[in-house]
Amino acid sequence: MNITLEQAQKAVAAAIEKSKELNVKMNITVVDSGANLVAFSRIDGAWLGSIDISMKKARTARYFNMNSGEIGKLSQPGGSLFGIEHSNGGLISFPGGVLIKKGDEIIGAIGVSGDSVENDHKVAQAGADAVK
Amino acid sequence: MNITLEQAQKAVAAAIEKSKELNVKMNITVVDSGANLVAFSRIDGAWLGSIDISMKKARTARYFNMNSGEIGKLSQPGGSLFGIEHSNGGLISFPGGVLIKKGDEIIGAIGVSGDSVENDHKVAQAGADAVK
Amino acid sequence: MNITLEQAQKAVAAAIEKSKELNVKMNITVVDSGANLVAFSRIDGAWLGSIDISMKKARTARYFNMNSGEIGKLSQPGGSLFGIEHSNGGLISFPGGVLIKKGDEIIGAIGVSGDSVENDHKVAQAGADAVK
Amino acid sequence: MNITLEQAQKAVAAAIEKSKELNVKMNITVVDSGANLVAFSRIDGAWLGSIDISMKKARTARYFNMNSGEIGKLSQPGGSLFGIEHSNGGLISFPGGVLIKKGDEIIGAIGVSGDSVENDHKVAQAGADAVK
């Protein structure tokens, strides 16, 4: 099962809503279960460098079927996955990439970048929750 | 002056509307005056290869301040810009990339890919017209 | 629906069988409906440069839901899609990329490279037919 | 001497067998002595991001004629090879890449990714052992 554009737009809208609530400016990416882009929005004034980061966070989550920050716990110096970020044309392994599920099935992922990783994660989670 | 997310979403919505009218499945990209991504939507079932093409069409239009198809007229074998597609990480020089203007000022561009170049252009133009 | 490893292996085995029949040395790639790699085999002595070409043919077919050679008919100088090969990190638009369907549904694609495009296509078709 | 497709398929089959025994879903790559791809299989449901990682592990092993994890011991912050992962289009320096030898001669390498690095290594070793 794959996320639809309608579901992706709902996730983006919820993420924008959460961004306004937190007073932050975010880049928001939604990919499908094949890690291919479905929807993207950049809030006015959001960091340009976060366009790519939001995409890489969404892909990273789907690539390994876990939130992007989980990868980062294992990829630190001395960790078992140190340097994994060099794969797949570049991964982002800090929080802000969250899986989108329908029941138990992964149908896509959302990546958010533009503020602290805590806020990035909160906004991504809000987007993912809107589809459930 | 730069396109806002609200204007970009209006362009995407108009492009989706036009796609439904033509019964085609499109990938739609909007970039700002800095050629940076603002909004993207992929209609369910649209070609995966057209994600990248819609982005390259939008950027190509803004990179040279003309619709993408204009470049293609000059980049044929023997033409003055032959091979220009090799620049900028890859250009797309056939129709479907259209400038977005506010009055005389270029505020962004829209790129559409997913069907014939004629339909791609029509949908992109509908998106651009929604912002004028 | 997505091609399984078992189906992909069946396609590769049929393609190898056909290659032996034609006395050619091929690289054979199978991707899923998300254009992600599922299986690959290089027959001993097959061209090294055809590893990448077989991958790009398979992806090109899935990217646009048609056999790779169909793209090439439209991407010649003066054609409506001239230069499309510059997209998606490089397309291959000559024959040898064939869709894999289950009934009417596209579940993946196979790309073959290593000999004439006629033989490349024949071998790819034999692979695709083994899954139907 | 170079690994044959038959040997590579034997390695992949053994790796799949070991994966089933460990109840893990793996991506498995075999390269030849020239570090060029010979065979690849992705078990149904295996991580998409591990396609590339399994390839990079196999190449990393053959590039330096040692198991991939050996590189990682030297590439930590302060280590003599810190940052080596930036070379060759991206290396993976944690376990899961294992040399394939015939007697004393290196004839290829196998890279496995999809679970813990311990399991990745076990599966790769099982694949390599099948060729010896």
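Order of writing sets the chain letters: A, B, C and D. Residues in each chain are counted from 1.
Assume a contact is a pair of C-beta atoms (placed from the backbone, for glycine too) under 8 Å apart; a residue touches a chain by one contact, two chains touch by 3 or more.
By chain, with names taken from UniProt: A, B, C, D = Heme-binding protein.
No experiment lies behind these values; they were computed from the predicted model shown.
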item	value
Centre distance in Å when subunit B (Heme-binding protein) and subunit D (Heme-binding protein) are each reduced to the mean of their C-alpha atoms	42
Rounded Å distance between subunit C (Heme-binding protein) and subunit D (Heme-binding protein), as computed from the means of their C-alpha atoms	25
Centroid distance [mean C-alpha coordinates] between subunit C (Heme-binding protein) and subunit A (Heme-binding protein), Å	32
Multi-partner residues of subunit D (Heme-binding protein) (at least 2 other chains)	48
Pairwise touch network: line, ring, star, complete, or other	other
Chains touching one another, given as label pairs in label order	A-B, A-C, A-D, B-C, C-D
List of subunit C (Heme-binding protein) residues in touch with subunit D (Heme-binding protein) within their complex	4-5, 8-9, 34, 36-44, 48, 51
Complex interface listing, subunit D (Heme-binding protein) residues touching subunit A (Heme-binding protein)	47-50, 52-53, 56, 72, 75-77, 85-86, 90-94, 116-117
Complex contacts: residues of subunit A (Heme-binding protein) adjacent to subunit D (Heme-binding protein)	34-35, 59-60, 62-65, 77-78, 80-84, 86-89, 91
Touching residues (chain side subunit C (Heme-binding protein), partner subunit A (Heme-binding protein)) in the complex	32-36
